[in-house]
């Protein structure tokens, strides 16, 4: 099979009991692409994200990451390919310090020595070096989000999956997050699942709109958001 | 043929026994996600209450068993809920630890008050004959009680306003509060109901097995396994899992002996939890009663 | 751990080891040291691995039985000594793999571990008949196994390690195990393990195989507990099914929670202090002081201690003291995790 | 109450509460008598009266001027029905308290736990309980009854009375296992047959399915070798199923813990036992003993066979010390081996030099109205089961417990 994308999903569907959460989704992500997945609540964004990260096994279809069949793989196996994953709720180790959080991420593929070096670099990159020794549990929400970015970065991934990175961030923090994502995009392909239109506009890139478990449309963010069908989906919350 | 009747009877009795001792724990776990490890001692408290009420105060045995025992244990349950459990809601492991401590403290208190020998009352129902076999008539009463208890739980949860409010509060405490119900009182009432069921089980079982301070561990181990394996749905979990374990235990017991029967129950529990990590009802009766 | 810390802890341990026998009976101290090792194993598995094992006594009892039966068959102690570590560790690995690969967690894990120890308790109680024999060792059912060869100078089965020697030996083993556990926690494996306790999903999303790591940690804890059982067997000179009992399983939990989860030294101190408390409460003399109705019934006291600690000092004694005096000897990953785990289970509940 | 004070001091020093050391001068010239019994926990009903009879015997001896002109000091330990505490306390007694003799142990499990310890420590040991027989150890004297004295009478008598087919229910540890084999043996000799034997761990309290199985097997009688508080439920459930009117029950253990007084009259009536002691027996030495016991402890409600034989044990040991004129262990053993006798609550007991067991008077008893009514008495029955396998005169270094081969 020709490798024409980093992520290659074909006919992915997920059914819970009789309800379809996702139906025959085809999706391709190219090298170094930054793609936003948007859609109203219940559109299937998170379900699709979970399929990509191995947290959920699709009932049908085929998902390949760099050509490797990922259906049924465990999250740690997918992460082990060099995929960085950030979940919706900040998923950090509250009882450990910022440094320790990032060290654990860095140490997986590196020796202790180079892990220590990566930790220092990462702390600088995300601008959180001043609270390196603080317990993550004591940090404000936005800082915790940054720490999680840090753990994702420290693994030096070539593909990054982000679920609602802007949730709960202040305007300043969101800007910072946009900068971090842009920077990460220099080395990695990224999928961002997001709800916040403002944030997506700031990222300004290709978006895929999901609706009722299916792909509604794909295209450049401004074009898509002008599309009346998309506007209906977002504004007409009758469903 | 007679033997087959006796075997079926014993299986039904074992299922009823498991359902009775587990009902209180199932209510508390299913509704509140609290595992009360002092449940075995709650049962004993019911047993002691029934015995004292009947032997020392001369109250009719059925009244002692069916009314006084559950009421006394329910009151005790309220006290415990106010003093200990209410501070620990939402912290499953901490409630388990605290109630385990309570269980030890109750064992110690029982031995101080009642001594370490078993006490008992005489079974109020004689034996009946099935062909060549004599069986204890009291076991029929136990089977009937178990059916009654399950029907009662189901009816209250399904058809009464209190049951509906309770179910609602367990799903979403904030919502219930917003509708003007006091979630804290609902929790207290539910815990008291679980305690009452334990007291009832203790009262009913007192004439059969004899009550001693250390007997609680026998109940809690079985009840714990039954409830956890049953999963979070109170009624369906309770019925399926006591049915399953009662059947396995008794069949193994008749083929070998009662000790291997008990081992059979434990092994079955491990296999079951391995295959269905959220219990029987977590797999088959999700979000039902 | 720096070498200065190492030297310091060796010095402190040596002082404690030589001072204790001045005040306490060495027979009791030997038992308490074995308890402390059991507490250490549970403190590691629970406090650092986040695996609340209600049945740590399963491995403890297994270690004791393996030691006793091997010693009888070999006529000497050291084969049994090593098997008493190895077999419980393998058993824990198998059980752990079953649980962690089956994604059992929290309450279900507690049930399974408790059931396993009860299962062994029941089973060992049924082995009174002559058909239950391995080699020359009768399993003895309720009686247990008395009269097995105890530890001796290697190569000379008649030179028994007795009384005071046994106490020093047990204490040194305990200390070595403590150092080993600390070293493990400081290693990358240990750090990831602590991260795993804090947030299993995050560790998994970073690409670590959570199941394998938990299994390995559980096996390590099982080996420690087995060794504790072996040391206890040598102190008591008998093994009985009581080692698997619900009561002892509860006590082990109490030791750890009183001493403090998330530390290593806390559970050990908890075990020794409460072990001695139990001994004192069981003395005839104490009963006679209070007459026939002894209000200090040991189970009553232990039960109250557990309730009060869960309610008022859920972090345990040692982390609380550390909280008052700031950082101390206890290693860089200690960070009062009793509280923190609570927030985690709260989160788990909210998610459910 | 020197015992209490001394014990308290011990506990206090052990607890590290005070640093004062109890004055040793006074206790140096007393004889130290160690008593190790379960006086709390599930075997409390057995152990408490046994400790009382130890106390009674010691006080009586002291009141009569002591032994060798010295007072006896009793050092009691409560093993809390926990077998692991036996070895722990036994070693305390030998190494710290340095007792001159140890009496006690109730379950065979507890005896087997401490027997090797005491032999190694060269401390004389008296085990005074009814048991399964076969212990052959020169350091140990077993003054309770054995199967040759008990089952050898009970089994043929009940077979004669009720029929040949026996269903045995036994406690699942060495006592139950070995006693069951003896019952098989004596049943065969009497032309009967054990059709089935079921063993129960000591915490089993639900006998429902067992009762159904017994009915299926249709025995002529049930022989209960059940031990402890949980097993008592059997008699209740048996009566609740109305079986006490259909199949008769005999027991080797029934009245040892005064079970017949805990059960109601209708649950216990008709059960047959065989014992060396009955408070209802019309024997002068029994009456004397009961009077003394009542005077000391208020009433005799809790007295039972193994408490009576514990009293005998202390008395026999005292006779041995008197005869030896010293507390030296070997001298006392040799004095006891001359065949010393004592007449007390269980009638005349005589030590058998070859086995260190005791010849007993036995009574066949039927329980009626919570009383042990003697039906028939047997004089001076030897411990022939142990005699058949054990000869300590020939093999003084033997330490085995012999088990009957089936």
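Brief remarks on what is shown
As written, the chains take the letters A, B, C and D, and residue 1 is the first residue of each chain.
Operating definition for what follows: contacts are C-beta pairs under 8 Å (C-beta built on N, C-alpha and C of every residue); 3 or more make two chains touch, one makes a residue touch a chain.
The shown structure was predicted, so the numbers you read here are calculated from the model rather than taken from an experiment.
Between the contact lists of chain C and chain D, the overlap consists of B.
Graph distance from chain A to chain B, where chains that touch are one step apart, equals 2.
With respect to chain C, maximal separation of chain centres occurs for A (centres as means of Cα atoms).
If you compare B-D with A-C, the chain pair joined by more contacting C-beta pairs is B-D.
Look at where the CA atoms of chain A average out and do the same for chain D: the two points lie 75 Å apart.
In this assembly, the C-alpha centroid of chain B lies 39 Å from the C-alpha centroid of chain D.
Look at where the CA atoms of chain A average out and do the same for chain C: the two points lie 42 Å apart.
Separation between the centroids of chain B and chain C, computed from CA atoms only, is 32 Å. Shown for chain B are the residues that touch two or more other chains, namely 111, 259.
Each of residues 172, 199, 201, 203 in chain D touches at least two other chains.
Inter-chain contacts, as defined above, occur between A-C, B-C, B-D, C-D.
Taken in their complex, chain C has these residues touching chain B: 52, 98-99, 102-104, 106-108, 110-112, 114-116, 118-119, 122-123, 125-126, 246, 250, 253-254, 257, 293-295, 297-311, 314, 341-342, 345-346, 349-350, 352.
Taken together, the chain D residues at the contact with chain C in this complex read 4, 7-12, 14-16, 76-78, 80, 82-88, 91-92, 95-96, 108-109, 112-117, 171-174, 176-177, 199, 201-203, 403. Chain A contributes residues 53, 74-77, 79-80, 85-87, 91-96, 100-101, 103-105, 107-109, 112, 135, 137, 148, 151, 155 to its touches with chain C in the complex.
Listing the residues of chain C that touch chain A in their complex gives 188, 191-192, 194-195, 197-199, 201-210, 333, 335, 337, 340-341, 343-344. Residues 33, 35, 84, 87-88, 90-94, 96-98, 100-109, 111-112, 217, 221, 224-225, 228, 259-260, 262-263, 266-267, 269-270, 273-274, 277-278 of chain B touch chain C in their complex.
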